[in-house]
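Listed next: structures, encoded as structure tokens.
Both complexes shown next keep chain A, but they swap its partner, so chain B is in the first and chain C is in the second.
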Partner chain A sequence: MNGSDTTADVLKARFPLAVEGVSTFRSDLVITLKREFLRDVARMLRDDPRLRYNLLLDLTAVDRLKLGITPRFATVYQLYSIPRNQAVRLIVPLPWDGETEMPVCPSVTDIWPTADWLEREVYDLIGIHFEGHPWLRRILMPENWVGHPLRKDYPLGGEPVNFSGDRDNPRFAHLGQQIMEGLSFPSELPPGVDPENHMVINLGPQHPATHGVLRVVAELAGEQIVSAHCDVGYLHSGFEKTGESKRYEKFIPYTDRMDYLSGMNNNLAYVLTVEKLLGVEVPLRAQYVRVILAELQRLGSHLFWLATHAHDVSGTIHSLLMYCLRDREMILDIFEMFCGGRVTVTGMCVGGLRQDIPPAFPEAVKVFLREFRKRFKEYDAMLTRNPIWVARSQGIGYLAPEEAIALGITGPMLRAAGIPLDLRKVQPYSSYDHFEFEVPTATESDCYARYLVRMREMEQSARIIEQAINRLPGGPFRTADRKVVLPPRPELDTSMEAVIHHFKLVTEGYKPPPGDVYGMAENPKGILGFYLVSDGSAIPYRLHIRGPSFVNLQALDTMARGHLLSDLITLIGSVDIVLGEVDR
Partner chain B sequence: MDWIAGLLIPFVKALVLVVLLLTGFAYLSYVERKLVARFHVRYGPNRAGPFGLLQPIADGLKMLFKEEIIPRHADKLFYLMAPAIVVVPALLVWAVIPISNFSFRIFGYEITFYLTDLNIGLLYALAVAELGTYGIILGGWSSNNKYALLGALRTSSQMLSYSLPMGTALLSILAVVGSLSLVDIVNAQRGLWFIFLQPLGFLIYFITGLAETNRSPFDLPETENELVAGFVTEYGGIKFALFYMGEYISMMTTSALATTLFLGGWWGPFVDELPILGIFYFVLKMSAVVFLIIWVRASLPRVRFDQLMGFCWKFLLPLGLFNVMVTATVVALWG
Partner chain C sequence: MLQGQDGRSGSLGILLTTLEQVVNWGRKYSLWPMTFGLACCAMEMIAAGAPRFDIARFGAEVFRGSPRQCDLMIVSGRVSNKMAPVVKRLYEQMPYPKWVIAMGDCSSVGGPFNNYAIVQGVDKLIPVDVYVPGCPPRPEALLDAIVKLQEKIQRHEKLGDRL
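The block that comes next holds the complex of A and B.
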């Protein structure tokens, strides 16, 4: 029996009144639920042995004001069952009379703890009150922000931008003084923190080990951590809002800037989602090149992680930092050769690649692989058996497998807990199934296990790249679908049809059919997910991003309790966060 | 004319020593940056002057002309005193370190290559070096900053703990030589360096020396990645530089003491015929130890605080005591 049918049938049999509708669009199973049944259904979906949707991948909401659907707001739950490799999306419309400040939705934080931050994000950006949430407050926007930016009636623009160089403006006559009103407000302590008996120390937002602007409110008894609460959002730049006012293809450069260490992987996840929405087939050559680029980027990201993690944990051992960055430099050079960009690559486009690989590309990749393998052994030798390194990371930050799943952890952290969830293996995309590779796992689920998993992953990535570069097929590097990609330049001279396609694409862009899809890919840091809602125009109606760093970072508190302050730094490093993606 | 021998000569010698040490500090920082850069496949400072040789001077001038910032919430007196308390003891130790047995005569006065040959030289060196801890604690405490305080607390416990195993390493030397005078200790090594007689003692001394000077892998007090900069978090400009001066001079002191105690001081081939060679040998051996310390910094991760303490109390101290016992037994039976 088909897996998706089972879910709907089991659900209907158990809660006949709960289901408002079942639909399938682009192979995504979508179930519309009544609000009052949400918690019961969620618990059953998680626990029923036939369903076992144990991983809440994503939680978001849609303001359907301009779609003309009532009720206006609906929350969206993307569930994934690790044992069954099945996904289902729940849509819960929230009846709202418009008289209260915001619609109300029951919280699922006690069913999936990962919903904590996700619900706060929805509350912050869309304005939905989650009943039963332990500490519902803004997470990405400043505390004193007015309104909810992702609502469709939120005013766009209209904010005057003050430039201090504008000397004609009488407002700036007093140059040299504070011109913008810098509001400061005392930060509220997270619940349960006891500042009377414990020392509360702020790590960040400016702190050398947080790799950006992360603030950790660490409650210490001596040097022992009682609790560690993360305060994020300092780097919030409204990617989702930007995405909802741009054409689909114009958002690709923005994805480079989310997790700026894995631009290619972000590109890949996004174009896969749009291709899924459009139903476009990508030629094999493009798929292979995408795999090469994505795996090179994974190596780059992991090398950067190794460099900074070793540096964070060990302080003055900058040597490894420099060695790893030297190798990453070679990867960036290859990217530069391919697309001109190094960090912000924008190497892929919907339907294939932006351009074909240059002739020197395969050789450069092979040279890199040779060098990398040689040096990688040295890095391995420097840390893996180093007694100080083992003492610093072994037994630190244990996360039980069930706990990890409940917290929505994905990527190397989940695999270090012994759960071999790797989308490249279980739901192969971009012809990952053509290559032989293993999914490294460990069972200790501590910082050392995460280190080992990532190190072994690098070896596997090198293996994949080698196979792909040796078996690189010929043929086109983009789809022939003229509705999606521009025709080649020579064709414009001979074909009127090509000119029309060109004109339509440049002036209007492609228009996917109405509907919603969830696309995801295995990023170096975990599963990166995109939720797209199309209203049939060339601009996404709703674009939601699930950043793996954001979700994984939630586990910090659970992992840190009882360890020492020094271990907190080890832990932040072992989560492998990029604040650009955490705050989006 | 007793005042010349009693006052003038020591004064001039002390002056020369201080100038040499401060220059030494400046160029040690250059050497370390250059060396570590090579370990990192980088170039290191190479802009100021040929091979970047003027870099320390540029750094010094920059530090001097920085704006003087004193945090409003700091305890001003101690905040200003702390850097000085770190530097002065580090310099004082050098009064007893014998560089060479070479001496020459000017106007009938004998000039030796050490300030004084104290008969409790070793004890003096240990005691004075330990004083620097006060500067660090006061600096961390008076800054009135949580990071600085944590850094200072770590330092105090670390330094106090590691003095013990260091003491045991020195005790075994004492048992062999039977004198606290550093000159006597060097003279006793004329035939055989103590590193061969006391290999375990040297190892313990080197490790504790790293800890006492807050060098990697024991650089806990200034763990930049957790405590920002530890006890120097609130310091800037020349006060910041003074802390580093203290640390680098301590590093030189540790190396010089290691040379004196274990590596035979000024002894080497042909020193008997040409005593001035002793200075060269002393500097060479000292540089070798400094190089070792820098090498360790570039290749070892840092230990955690509790591991650091555990290592000291549960491993180094028993090892050191065992070493003392064996040495004492051997000396008592066959000495």
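The block that comes next holds the complex of A and C.
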């Protein structure tokens, strides 16, 4: 804890009036700051050679109405120092008299450019005005929306569920009829766009190469991109609000549906966060199986990325789409054998796994690995030296390393810029430190480098799976802590205590201690983070998700400038976005 | 339906049928779905198009990027309030005759997302022909929906009226 002490000491020595409190909960260092010092402190945290918190991982806010804390709103900044491998969380309470429409917080967009979209998200969903933000507009909700959904006095919404299937019921009267007007409205052009001298074209939200419902407003001079602005939110599903109305355990199925190509990785990141909050230890067997599942899912995600990316960039490689999807089916079959699900798996539970692996599981994984390695060589040969592929991806979308960090990029995109940040290596979780693997990096930082990094990552994933499956330890597959996981069925017949535990867990759920934690894991797309605030009840008070795709997509504008319109498709593919996670 | 005079199908002879039946027969085996992936269900829709499940066996493999070339919209995923006008616009851009499959729980009834952001069923925006339950439905379920839709198309009685 030497490093975290330094942060607080350095901060107190430099700004004695700024710090309101320093606390440590579950090894997270939390510093509460006065609002007027935020920008000075932020700049110092970033630039001081002893601290160097160069990566703003996450920015969110908490509405503390029901916690009874004044002031009601507070912004939260999760910082990470890549050179020092240290994290700190800043909490900035925002004094607000309630007479203005929303509380005011100074913007940090000029210190960490990644704050741009993150602050817009907070403005949109919680309603905090960021002073000095260049273009504070709604980002996820439609522009004509009224209210801020993540405020605690805003209802969850939705409709009452009617369980009788009666067709005469007025609830079904609308079937087959258009009852919503679904009016569209003109939206404002982003700042700096010059429609007089340049052509502004609209790509999406329905476009075969945007990998979902992404809309890009591209400003063109001839065929050259002057700027490319993303309009996201077309798949905003209210994950955070839903999570704040359900018990911790009940949110796991929702994480599958966020980044629906990496359900297992999302499960893992979420259960790790809840386990951190609860302070639960997970048995070694469960950790190994989690690693196997997460790495299989990483392979699945990268295969799907390869399939669609190659298909978008050069339509002639349609066969690769078919090959990759064929291999992904093998992974999905293994998942199905394990938990019954293909895409939305819910394979893990807090405290371990939902069930132990079936006896045929190890053999199926070994068969898959054998097949995959053989075929992977073919895919590598199809693309890596393919002249069309190289011409369309080499030198496209350069992102300087310092630019990438400032924009908060994580995952393969950051590693393609030469920065070997991989949480599996630098902050090993779920016993990743038991396995030998490398973190592939590149220095060119273009689309081709990102492709190479992902291809090498697939090889490393296969290596990890092989080690884990060969050294799979025996023992229980979930923790023995009866306060967190259900007792095994046979125990219910003999032990009254087990019956009580079962009853309490099913009816009430577990209640973590009050506090807040930030948990993260290395997803195929980058760092997936969960910020949980517990008020001591069985339902999370605040649940915030840092979607790596959301943050990475922000770099599209920087990367696209100066390239041709056709390169935009290559760029969108090389970011590897999943809109379910961008919009959450 | 199509039968030669000697009772064997395929032989040259006199064909007795109605125009509707021939046209419906042609329509049902040449559905052109729109490349319109919304959320998780789109992954299973793509899997249905991949070799293992092979949607081409049912004549519905020509996924088109433009709604103007499609006659089948597979709403594969949750429809948010921001997306609602877009879905409606896309449906209106498709030429007649056109059909809609609501794939998955979200597009059928809202699914697990009973909240402020999601339209509780795409049938509030556009008329739906076949609902596919599942979260997400397996590719086989989507293929079943296409077969069901083909049966529905074959039953259509009068040409010219808007489907």
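By definition in this document, the second predicted complex is superposed on the first by the 559 of 584 C-alpha atoms of A that agree within 3 Å, B and C clash if a C-alpha of one lies under 4 Å from a C-alpha of the other, contacts with A are read in each partner's own complex, and residues count from 1 in each chain.
The rule we apply is simple: contacts are C-beta pairs under 8 Å (C-beta built on N, C-alpha and C of every residue); 3 or more make two chains touch, one makes a residue touch a chain.
If you're wondering where the values come from, they're calculated on a predicted model, not measured in any experiment.
Colleague: Please indicate which partner A:R392 is in contact with in the superposed arrangement: first for chain B, second for chain C, both, or neither.
Modeller: first
Colleague: Which partner does A:M199 contact after superposing on A: first (chain B), second (chain C), both, neither?
Modeller: In the superposition, A:M199 contacts chain B only.
Colleague: So, A:I569: does it touch chain B (first), chain C (second), both, or neither?
Modeller: The first partner, chain B, only.
Colleague: With both complexes superposed on chain A, which partner does A:E223 reach: first (chain B), second (chain C), both or neither?
Modeller: It touches chain B, and chain C stays clear.
Colleague: Of the partners chain B and chain C, which touch A:H207 in the superposed model: first, second, both, neither?
Modeller: So A:H207 meets both chain B and chain C here.
Colleague: Between chain B and chain C, whom does A:T344 touch in the aligned arrangement: first, second, both, or neither?
Modeller: second
Colleague: May I ask you to decide whether A:R373 touches chain B, chain C, both, or neither, giving the answer as first, second, both or neither?
Modeller: neither
Colleague: Determine, under the contact definition given at the top, whether A:K34 touches first (chain B), second (chain C), both, or neither.
Modeller: A:K34: touches no partner chain.
Colleague: Of the two partners chain B and chain C, which one touches more residues belonging to chain A?
Modeller: Ranking chain B and chain C by residues of chain A touched puts C first.
Colleague: Mind working out whether A:T242 is in touch with chain B, chain C, both or neither, as first, second, both or neither?
Modeller: It touches chain C, and chain B stays clear.
Colleague: Could you give the residue numbers on chain A that contact chain B in one complex and chain C in the other?
Modeller: Touching chain B and chain C on chain A: residues 207-208, 321-322, 326.
Colleague: Quick check: in the complex, which residue numbers of chain B touch chain A?
Modeller: Interface residues on chain B, with respect to chain A: 36, 39-42, 146-147, 150, 216-217, 219, 223-226, 228, 297-307.
Colleague: Can you list the residues on chain C that touch chain A in the complex?
Modeller: Per the touch definition, chain C meets chain A at residues 34-40, 42-44, 46-47, 50-52, 63, 65, 67, 77-78, 80-90, 110, 112-120, 123-128, 135-136, 138.
Colleague: Tell me, which parts of chain A touch chain B in their complex?
Modeller: So the residues of chain A in touch with chain B come to 199, 201, 203, 207-209, 223, 310-319, 321-323, 326, 382-383, 386, 388-389, 391-392, 564-569.
Colleague: Would you mind writing out the residues of chain A in touch with chain C in their complex?
Modeller: The contact residues of chain A facing chain C are 140-142, 145, 149, 154-159, 161, 174-180, 182-185, 205-208, 211-213, 233-238, 241-242, 253-254, 256-257, 260-261, 304, 321-322, 325-326, 328-329, 332, 342-344, 579-580, 583.
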